[in-house]
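There are two complexes below, and they share chain A, which is joined by chain B in the first and by chain C in the second.
Then we have the complex of A and B:
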């Protein structure tokens, strides 16, 4: 009993201390706001991404680009409708885990974020979206292409990027348009998480409509240490077209094994492939990945806005801006636009403003404005075909965004 | 038929690296009864040491191997001395938690020091495979396999034929008895842990020509090596090697016949079945 009392006393004392400290902090905060005028108002934007784990590199690039966008907006005077309020990014680490992502989402909400963004992995994004819904705080997906998560009737969630359905349908449409007569057979190889399986399903169902015969569908775990058996199978099947859906490390493993055995394939095309669309992929593999294609989301290469963005990113972080990072950047502009129109940082007002988003000036390779349907999906989201030519990524299809003509292997 | 031979070769070569890493876990458990959950993180450390030597001195992983071994031995020796020796003799879960904590610290230290970027090491002339008819053999994996054989043999000789080995074995059987015979058990523990970590580091170094190096790249091997060590019989060196080769081949064939998604499922099924049917593992003695 004595011991229980002691424990209770400690708990009570620490709670009181915590309350006092919090009270002081809040007091000094409001004092400062009153003293120095309205420009000290800060709007918090949450960002939950896997900063530790296998996707730390991609996550960091998304956060870098979000910070870049916030710097630009703050430097240009912040949110004018709110007296030049400044944006601040509050970062959470999902550690590539759905549970951690959800608890980080709650933490960011408790810290007073007006809107949240995330998370790069569909499985994690879903649990974060659920937390955002429960707490009635809007959530804007940066990167995650799973289709089902926007079929739950969520009312606080939005996504700018094309989902897996759009990717797969665009792939079928574009490949039918660009294929030559000597491409008769295909093999689909993909990692077996939600991301790979979603697109894989649609492609294998619709492959017949392209006139190309799908010989086999090979799946593997993205964390695998070897793909030699899978490549052995590929070598036996000798497809004209290899369709690959995967992340950076596993796709690299695939290409290494293909190169080692000297296997040449007429056309290699990724679908939202984390390897082929990464510039490190080109520096690692050089000529051997020349003419590789990827159906992916991308910035609009022909817009001046994009060119300026790529330069300032490189200047700031001395690294090329990845295609994923673009979504971090654009997400901040979509949020800033909503805040500007809402004139308020209350989550509900932000959500309502998000619903009537209509941004015509953006850096994305999609025709038309960024605008959301009733589910929260970007109506005009689309993919483009990107090809590696002379060691650079260039858009080759649709022609509206094309920088160069598609090249075929002999 | 070709696919069959190809899968066998790929499986055995991959299994060799698994075996070496698992041997480290087994050795550490055998001597100190510590389950080292930091093993995967230390494989990553081995990879980064190799990578740094490659960047700074321009030497290939194979040339760097002796330096990697020395570095890893020192790291292991100090980890045991500073963190684990004070915990010897207390309940086992304390050491287990400590190694898990250590793994997190190491991963994040690497993240801070080297960033999350994927790094790679290239060995000139190793980009193409050796061809035997329609069978291809991956050069880095073949060389890794040879090194694994040499190092495993070295550890065997050390344990069986030297005074130090006898002292290590004595400590593993009866630490109190070993102390009475004049063996300084804490130091033997440090040496044994150092040797176990050398296995992890060398496995990491030998993986660098085929794998990307990033702060969590050892994690793929961590749990798998633990499974292999248990499957082979914890504390049994030959068991770890045999189990490593078996798991490598099983993975390869399940990928061939059932698809890559199955290989992990089957590996962990073997683990569960081992625990149910023969908890002492393939070559383990009854405890």
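Then we have the complex of A and C:
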């Protein structure tokens, strides 16, 4: 009996030890490859996005565009102030979960990343930002529009894209400008996570100022598999304007449900909608989404730089570049610019250089340079009104960026 | 038909189709009542010392992994106390975890109440909620699958409530300011968190080890193995199920508060999501349901595997999940009773050999 106990104990111990050693060994291997930053010829940029799960398509398009930007920069000679140092993207998968995101953030920091980018979902982004702050490594948000996350007094975090406040205020302003007299009532439908709720709050508070009556506000969970109940409610209300805030999958469900029941609405307008602004959305739904509007962040359609970018993205990945992908692309250029000025890849130097960013030549649809306020937010961030016309996304408002006139449903 | 009869009939039907119940029977191991032997104690001691020394040896990222092993093992132990010992399979342990996390965080952020006090409050609230859920479920004699579904539903109710109530920060979640003060339950360095997690795990494991050798522990197991027989012998099954549930819920709340203080941000999905409940169950199944060390071994196996697949396969999108899933499937196929079950089977086999030799 005693001997058996010994056998049991040895097996137990060896299993535990083996797994732990395996864990440590894997770590030390990658740690060594990371090196100590400043003298190495390779500068690592971390990228944490939900590559598996509901947002895999969007996340992959962001990573693609980041890789494209890095290729362009490396081909043009890398970071010249550091002897032509090359950039390298280190990818982490948040699996759409906060604690996986946090541990991936820690891993990328351990692998020697000078700066991190991410993460598409506000809840995950916030957890990752907390980790970046604690480890004193700068974090540049690619996509996440929650307002509150930049109210925490973080010193290492930056964001180029407009936040939910800006989106909602721009929406109120633009819709007042473009609405016609026969649009009298509206229903707001949005997914119930941070992303949808933030803008939803501001819109429902300020809707009165547009002269349109808000009949109801319907919320749903983005991971839902049907929106049948919600659409039934919607059909009863018969609004002239439907405002929708959501991601790709749930907005697709919404449109499917509307189409199946043959519900026609005079004006459908998304606010930072991951579906309406996606080219895959048009190929999925064809004519039925013609004239849909979306207030969203976007590349500047009238700049030559953008045209070249769209072409090279399509050539490389044989897919149209999504609006989210633009932020992956631009984020790499903002980082490269900071590295160039810092002449160092030490996280602290990069952070300090980021603070004085002033990029006038960019691909974004915003008037003015990319430059950060004390909180780390892009001061000139703005949204534009995009419409689906003849199976293509065109900017229709403000006129500075407009490619075409806004079309109304009869 | 009288309602009593219908209930009785339902009860029988439930027992026949009780999938989780039969699954649980399959995966639990008959509890041997042996004390730890000297070599076992020595090995546990060596591993403990090794863990306590990790802050001196490992990078911050590796420490993060050790901490997540410890906290996962802790939460799994909480589940084990109730589901492993008394056989009441809970699929909604995230409810208690989330309540713990939310109570301390909201008290701290909105009312400036110290998280240490928040921790106690979280335990209380969680205990009360558990008492309510337990009373409703056990009073109406929910068993097996039905009880599991009920716990899952309660958990989902909490997620929806927290997501839609402004006073509870709704979808925005709670962001806790970063400080390095022990008084604010933030232990400055990774090492601090590691030690606290280690103490939490040691205490609950010691408790589980001790409780198994008491009368109450035997009652728990009796209820798990055959509730009707236990009742016939005069064991108040309702009472012991309630005790296990409430204790488990209160301890889970501690785990929730620890999560909030460590990651500094919580929202309804992070706290009440299904993945949280599942994260309590997997280590137990891998290691051995209803055993003292099973959940720890389970956590020490699955956490590193998921980390390794994540970092090794980061260039092949989605492959990490495929490989992780495959490993889990193989582990469960090879060892349906977990690591400890496999070891015990080997022991039995070797014992037989010895007998035939002798």
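We take it that the second predicted complex is superposed on the first by the 370 of 410 C-alpha atoms of A that agree within 3 Å, B and C clash if a C-alpha of one lies under 4 Å from a C-alpha of the other, contacts with A are read in each partner's own complex, and residues count from 1 in each chain.
By definition in this document, contacts are C-beta pairs under 8 Å (C-beta built on N, C-alpha and C of every residue); 3 or more make two chains touch, one makes a residue touch a chain.
These figures come from a predicted structure and were not determined experimentally.
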{"item": "Which superposed partner A:219 touches (first chain B, second chain C, both, neither)", "value": "both"}
{"item": "Which of chain B and chain C A:103 touches, first, second, both or neither", "value": "second"}
{"item": "Touching partner for A:177 - first (chain B), second (chain C), both, neither", "value": "neither"}
{"item": "Partner chain(s) touched by A:192 [first = chain B, second = chain C, both, neither]", "value": "both"}
{"item": "Chain B versus chain C as contact partner of A:308, first or second or both or neither", "value": "neither"}
{"item": "Which superposed partner A:237 touches (first chain B, second chain C, both, neither)", "value": "neither"}
{"item": "Which of chain B and chain C A:208 touches, first, second, both or neither", "value": "neither"}
{"item": "Superposed model, chain A: greater residue contact from chain B or chain C", "value": "C"}
{"item": "Contacts of A:56 with chain B and chain C, given as first, second, both or neither", "value": "both"}
{"item": "On chain A, the residue positions that both chain B and chain C contact, one per complex", "value": "51-52, 56, 60, 192, 219"}
{"item": "Chain B-touching residues of chain A, taken from the complex the two chains share", "value": "51-54, 56-57, 59-60, 192, 218-221, 223-230, 232-233, 236, 248-249, 252-253, 256, 259-262, 280, 284"}
{"item": "Touching residues on chain B, where the partner in the complex is chain A", "value": "2-3, 6-7, 10, 14, 107-108, 111, 115-118, 120, 127-129, 136, 138, 207, 210-212, 214-216, 219-221, 251-253, 255-256, 259-261, 263-264"}
{"item": "Touching residues on chain C, where the partner in the complex is chain A", "value": "37, 39-40, 43, 46-47, 50, 58-62, 64-65, 68, 163-164, 170-173, 175, 177-178, 259, 263-265, 267, 269-270, 273, 275, 293, 297, 300-301, 304-305, 307-308, 310-312, 314-315, 317-318, 320-321, 339, 343-344, 346-347, 350-351"}
{"item": "Touching residues on chain A, where the partner in the complex is chain C", "value": "2, 4-9, 11-13, 15-17, 19-20, 22-24, 26-27, 30-31, 51-52, 56, 60, 90-93, 95, 97-100, 102-104, 106-107, 109-110, 123, 126-127, 130-131, 133-135, 146, 148-149, 152-153, 192-194, 196-198, 219"}
